[in-house]
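Going in written order, the chains are labelled A, B, C and D, and every chain counts its residues from 1.
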């Protein structure tokens, strides 16, 4: 399986009463289908997976599976704290046609889990029982836990662990991952702000939340990199700098507003996340003025 | 509702295949029923709530409700990230006879949620819709998020928010909470290591994981404090110092081993947590040598 | 040597042009001489030691040595990063009549020094060469480094290391220190906000910056504790709660303003620290309204 | 003033009794003179400036000024906590022929100083009074304080503040700095591990401690970047990856051992830093096997 290019971790649309918004999920996916995005991550952190019940995750996976265009690679965000439930969710997604599952590092008991042994154990145990390949998701900002390149390198030898989505913008870490993982194991970045430098140092692609609202800009940087047009890549990276930074700063609520502006349905996040205020809206609108959806 | 004394956050028993162990839940509760513990917290962090599916939480709540002795106050750990699901769980627990619900601070999107506005909003929204009173659970070590005394003071004015379980061992914070919250709002500590000093500065009680394995020691400190036998209280606090510290350090796996030694069923935690090794067992056994269950 | 009671780490007075203000150092010390303070710490963190040149430290030590009343125990803040210079400064202070030296944990190369080996080595090497006893100063908030109770317990066996000034408000740590250090080794707290609880769990005394501005309140708590008037101790602790907290929050600039209000010379801190603004002044004035100097 | 290329922050040589080693300082500088290094930073963090007395700093500055080859740009590390002493040191260095001074962010009172206002004030106050231009040094790992790109952008407008040495390996931050600072203001990285990516995104050069031991490798990456030989640059970056990482991990003691191996005098660091053990030596020796001095 080749994980090359931009895989947005899809935002999950809600109605203003807080319930899932099926029609808008279809609307958004159909619009993304028209782009060169090679696939989608469904129910990751940007998809507010922590706000969803199990039933709701199954619904969202099913809807995206129906709506996704031919050839779009489907990746399910299935990581929860226990090995047991992560495996169950992963295999449910597999039944629905998902080709890979992304699982974040377990982290509730940080002082016990922020170490190589439990991380190795967790991902191996999940991968052993999963019917589809596993992608490690490392997101220190949300989990408070980090997985080291050395641990990832060990996990990269497992035949059913195929990639990492590294959420930090640490290029030195991306370089070390690229340098030390098994051949065939892919390194993806989650950071739109360092998309081009990550590709330059060997990342195979990216899964940035920002791509929900700005797929073309991300694809353009990817293409410029692929065709070795360094000036263009750097120029585009500069153009999205502010928009990418604000999307990271304001999180899902900011992202959803940017989606609303760019022809997708963003809508409200689930409480306790709230719609951003007018000043933040203006800030985001300005940053996205030249970036189309 | 008076929250005075020691309320252990019950460990959840699992079989060695990872499934819930109903019989042992009853065994443990029946043993705790014989103590002067005034009540139980069911499915909190020490109960591995993050490892349980929704169905499993309902099962555990139901079992403890059946097993609990007359007059034991039942508190359900119902906090998850979304307001919506926390309310649903809380009201399910209410139907089963739970008299209060404990909800931890939401924290996945830390950089957005580690502030007073979303914290105020979350707890008010939950409390408004909950059929039983809400206890705030602050546990920076697991959540990576902290709630300030000023925010708690504001929340203490809500008629359906009745207490905080403060997990940090910060006595200055306990003092400030006691000094600033609304009359009738209770401050509980979760820290066995600072149980006596917390009571001294005005905490109404405690909900320490340690009390699963060592209820009598905790009750003794509480009683010594209540009857103003300061020397005895300090002496007992010293006696449990090492055991309390190790229980905190080794988390649920260490706690479960201490329970096994003290006549309760501890058993294995759920993966990726794992049974502690022989050296840690020895360390815990030594620390608990003089502390009975 | 008995380290019992309140030892303020003296603020260093500057003129508005930034130079040392000799006359005001005498003025302040003469005023403190009239209290029951058993001694002074000179050129510690609250004395802006990091802002002073070596010559200036020697001047300040000499002035306080001249001004201090009979029987006041003189402690010099002599800790800098290198063993070599700390020893030199310590022995200079010894020549001037200082009876002990306080040295903070070295910390510039945090990732190398935040461990037991270099901490053991540093304090042993300093103590071996020092002509007066050494007091360990642990101040994670300024150093970014912590020293563990186990390391302190080992250091407490050194005949020339006699105490620790623990700056955190962590009562559990104070208890563990008290429980594990060598007999005769003293534990002092630096936290005015937890003065009484610290004494309750066995601290021998305190060295809080707050005592510069509010020596009587600190002495009152100490005396109430010593004579087992627990209600009075707790009551006084509550009375200073806000003032102590604000002094900690606003640091040396806030402390100096409180001193100005209470009959001492506070004056300006050295740049880049700056005089506090009018709103903060009002906040501090309110908090100190009932607390005399 | 053009700050392009590699400016090593020189290690300070000590004898085994801890005193400065003048002859070895000359030996090292004469060897570096033969390389294409455009200049030197003298008495920065890698030069153990925090271990040096004021007199010793003046000595080292004077020796390097004498030993440096024609055309080598001399930069003095002059930052200490107070504006006053930083200015004094800076102007002393200016008298000795130093062309610029590097000052780290003040940080002792972290909770007061880790903000834009005191950072703006400090650097402006220093720059206003300094006879030579100022280079901001941002080193969160040692200071526990960070300076934001927005603050640096404001400082870049001061005519006497000419550059920043950013010690983090955060390429996103380097990009943002490059994008937002005043024209003519230079961004240098301190991170050998991300040297090439930093140059790619617009850094003008680098001041990595690693260059003490491996000047040629650093210069080669710089040259490959300058001549747009991207494959070569990336290849060299990969070759130094492990050595650069170990140098960062083991700090000055590790760096000095690598220098010893590569024909420079490294010698011992000052206590409490200590010579590295045999295993670490082997690790470093292996990593540097193919990297000449």
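The rule is short, and it goes like this: a residue touches a chain if its C-beta (ideal position, glycine included) is under 8 Å from a C-beta of that chain, and two chains touch if they have at least 3 such contacts.
Computed from a predicted model, the values in this text were never measured in an experiment.
**Q** Give me the set of chains touching subunit A intersected with the set touching subunit D.
**A** none
**Q** Which is it for copies subunit A and subunit B: same residues on both faces, with over half shared, or different residues?
**A** same
**Q** Averaging only over C-alpha atoms, locate the centres of subunit A and subunit B and give their separation in whole Å.
**A** That gives a centre separation of 34 Å.
**Q** As a quick test, compute the distance in whole Å between the mean CA positions of subunit A and subunit C.
**A** Centre separation, subunit A to subunit C: 50 Å.
**Q** Identify all positions of subunit B at which a residue touches two or more other chains, and write them in rising order.
**A** none
**Q** What is the complete set of touching chain pairs?
**A** After working through each pair, the chains in contact turn out to be A-B, A-D, B-C, C-D.
**Q** With touch defined as at the start, can you tell me which subunit B residues reach subunit A in the complex?
**A** Subunit B reaches subunit A through residues 18, 45, 50-51, 53-54, 80-85, 106, 108-113, 118-119, 121-122, 125, 141-142, 144, 249-253, 270-274.
**Q** For a test of understanding, state which residues of subunit C touch subunit B in their complex under the given definition.
**A** Answer in residue numbers: 169-172, 175-176, 179, 191, 193-194, 197, 200-201, 230, 234, 237-238, 241, 245.
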